[in-house]
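In the two complexes below, subunit A is the common chain; its partner is subunit B in one and subunit C in the other.
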Partner chain A sequence: MLEIKNLQKVYGIPGVSAKPALNGVDLSVGQGELVGLFGENGAGKTTLLKCVLGLLGYTGTITLDGEPVTRANIARLSFATCEHSFFPHLTPAGHRDFYREHFPRWREKRFQALMDFFRLPMGKAPRSFSTGQKNQFEVILALSQGADYILMDEPFAGNDVFNREDFYKVLLGILEPTETVVLSTHLLEEVEHFVGRAVLLRGGAVVGDTSVLDLEERGMDLMAFVKSAYGYEPDRVSRALDRLTEEGEEDAP
Partner chain B sequence: MKKRTTRWDRLVPPGMNGRREAGQLAAGLAVGLVWNAAAFLIPFLQEYERLMWVRAAFEPFDRHLRRALIPFALLAGWMVALALVHLLSHYQESRSIYLMRRLPDRWELWRRCLTLPLTGLAIVLILTLGLSVLYFWLYETYALIDTNSQGRWYWTLHRMFYE
Partner chain C sequence: MRQHKHLSLLGLWVENCLGRVLAQLGLMAALEIIVFGARLYLLPERPMEETLKGVPSLFMAGWIALFHLLTHCGDERRAVGCTLRRLRVSEGAALAWKGLFGAACFLLLWAVQTAVCLGMGIWYAAAVGPAYRSAQTVLLAFYRVPFLHSLLPLAETAGYLRNLLFAAAMGLETGLCSWRMRRGSRALFGRAMAVAAAFLFSQGMGGLTGSLWLGLGAAALAGLDALLALTYGEEGME
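Showing the complex of A and B:
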């Protein structure tokens, strides 16, 4: 169980240019869950994932099966990010050797299968890959590390729709029941059938947390849930257009 | 063609060519050593030929040594720059720093960024000290010394050996 309690993160210098990014986030993610992390830009999704991985300082507690996240258990977490965390000049074969050396639960078979499936060359440095291929490679590494909790931050930004769909299918096909995925994305409709739970962030706080099954029972889709949690006004656009049209008429000679 | 990974590659950020960097470092040290020796010995021998006949005092030791230490100062600067290049490479074209910082082995990042630069710096330091002592001995043995014109380096080494 990944447990986050009262997580707070402030960017900048406190008292001078402090900008709160996370305001007391509480979240528990059990093993085997597929969690979608949603929210507008700046909601705190990336910050939350980076805090979990220890890449950013924070206040609050983050534990993995009751233990704080340290070097001793960090290998249980993997990370795929749209910023990419691979070595651009190292071939996939070199990455395989590097990961194998550092992550004892490296999944060789899965890595090879995914590399073959996406037809990525083993002997070519990823810097020469297309954006889509880079994203694929990033996710392949995160899935092959042998982690229990796979954190993904907008991993498919720049991939075409077919590519993304392939990936969701492959993911659902290969994940073991004990593997957990936390997927931060804007692609609500696409991941609706992939995730089992939706967590919604706004202004650095969790404003919605529901299972997709619950939503279905309530006759709601993910988009409707997000809109209601965000207090989205459906007539906002028409009202704005009406106002603009009125102004236009007043301006007319 | 597939590049073979060497044990040198384990001393630089993944994807960099460790053997080439080690070779460049060795070449730099060799050039520095030759430059250093030439910068001290050539003027010293010229002075020896010129001044020994007229029994005049040699140029102060510090001036001789400063000239000779220029290549080592440059090498030291190069090592600092190399360490920075290694570290910054984890922010270029991707953020591999995220991976390096979440490795179970906390020293991997520093081992790969600092081993070669620190080794280079240590060699430069040892050469600087060793050659300074050697040159001091040459100066003390063969030069005609005007103690009034000597500077800090001379007196430091002098104290080291005579006090």
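Showing the complex of A and C:
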């Protein structure tokens, strides 16, 4: 169980240029869950994932099966980011050897199968890959690390729709019941059938947390849930247009 | 075959950079030989130091280019830090291995430059007339010309020590620069140090005390920089 309690993160210098990014986040993610992390830009999704990984300092507590995240258990977490965390000059074969050494539960068979499926060359440095291929490679590494918790931050930014669809299908097919995925993305409709739970962040706090099954029972889709949690006003655009048209008429000579 | 987890880090830098480092050293040597050869044939019968003009500048450029290359091995990218900070070894250990690899590259630069200059000396001795040639032309050039003497300080032990300390300091700084860039910094201190070291390395020795102080100063600065970074700079500048 990944447990986050009262997580707070402030960027900048307190009292001078402090900018709160996370404001008391409470979240529990059980093993085997597929969680979608949604929210507008600046909602705190990336910051939350980086705090979980220990890449950023924070106040509050983050535990993995009751233990704080340290070098002793960090290998239970993997991370795929659209910024790409692989070594750009190291070939996939080189990555395989390196990861095998540092992550004791490295999944050799899965790595090879995914590399074959996406037809990525083993001997070519990923810096020369296309954006789509780089994303694929990033996710392949995260899935092959042997982690219990796979954190993904907009992993498919730049991939075409067919490519993304393939990936979701493959993901659903290969994930074991004990593997947990926390996927941060803007592509609500696409992941609706992939995630089992949706967590919504706004202004650094959780403003919505529901299972997709609950939504279906309530006759709602993910987009409707997000809109309602965000207090989206459907007539906002028409009201703005009306106002603009009225102003235009007043301005006319 | 299973490697040791620490050795795999060294392997990472080797696989990432060594090819480009060798290519860069080859380019530097080729340019120096072209410049030296052109001066030797266009301006014949000159003292060795005059024929050598331009070579120290190319060496300095090579030094700075090597520093730049080593700090841009791909590990300077912020996202790569996410991987480097999740390994089974500490980031301090990763920095140490990168520093070791960097120091080895600077020692290689020193060795290549010395070999190239020795070759140039032999070429010079064969090409000039008897007025500029003696049985000890090459040896005397390495004794007299400050740039050559700094490369091969002959019996001056402090000179070798200075060069070793410079290489160690530069190696550590390459690791630190990448470490800082991963956290969003421009690592200006390390770059400034590389430029200063490139200039000082190619200058005359300044005697036993001066050489030792220079080397120790460079190593102490790099060491202090590493200590400050590892003590106060754990969190990224997001």
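Assume the second predicted complex is superposed on the first by the 253 of 253 C-alpha atoms of A that agree within 3 Å, B and C clash if a C-alpha of one lies under 4 Å from a C-alpha of the other, contacts with A are read in each partner's own complex, and residues count from 1 in each chain.
As a convention for this text, a residue touches a chain if its C-beta (ideal position, glycine included) is under 8 Å from a C-beta of that chain, and two chains touch if they have at least 3 such contacts.
Being a predicted model, the structure only gives us computed values, none of them experimental.
If you put the two complexes together on subunit A, you find that subunit B and subunit C bump into each other. When the shared chain is aligned, subunit C comes close enough to touch A:11, but subunit B does not. Touch criterion met: A:97 reaches subunit B and subunit C at once. Of the two partner chains placed around the shared chain by superposition, subunit B and subunit C are both touched by A:54. Once the two complexes are overlaid on the shared chain, A:116 sits clear of subunit B and of subunit C alike.
By the touch criterion defined above, A:65 reaches neither subunit B nor subunit C.
Shared contact residues of subunit A with subunit B and subunit C: 53-55, 71, 74-75, 77, 79, 81, 83-91, 94, 97-98, 102-103, 127. Against subunit A, in their complex, subunit B makes its touches with residues 2-3, 5, 13-16, 92-99, 101-106, 108.
Taken together, the subunit A residues at the contact with subunit B in this complex read 53-55, 71-72, 74-75, 77, 79, 81, 83-91, 93-95, 97-98, 102-103, 123, 125-127. Partner subunit C is touched in their complex by these residues of subunit A: 11, 47, 50, 53-57, 71, 74-75, 77, 79, 81, 83-91, 94, 97-98, 101-104, 127.
Across the complex, subunit C meets subunit A through its residues 2-5, 8, 11-12, 15-17, 73-75, 77-83, 85-90, 234-236, 238.
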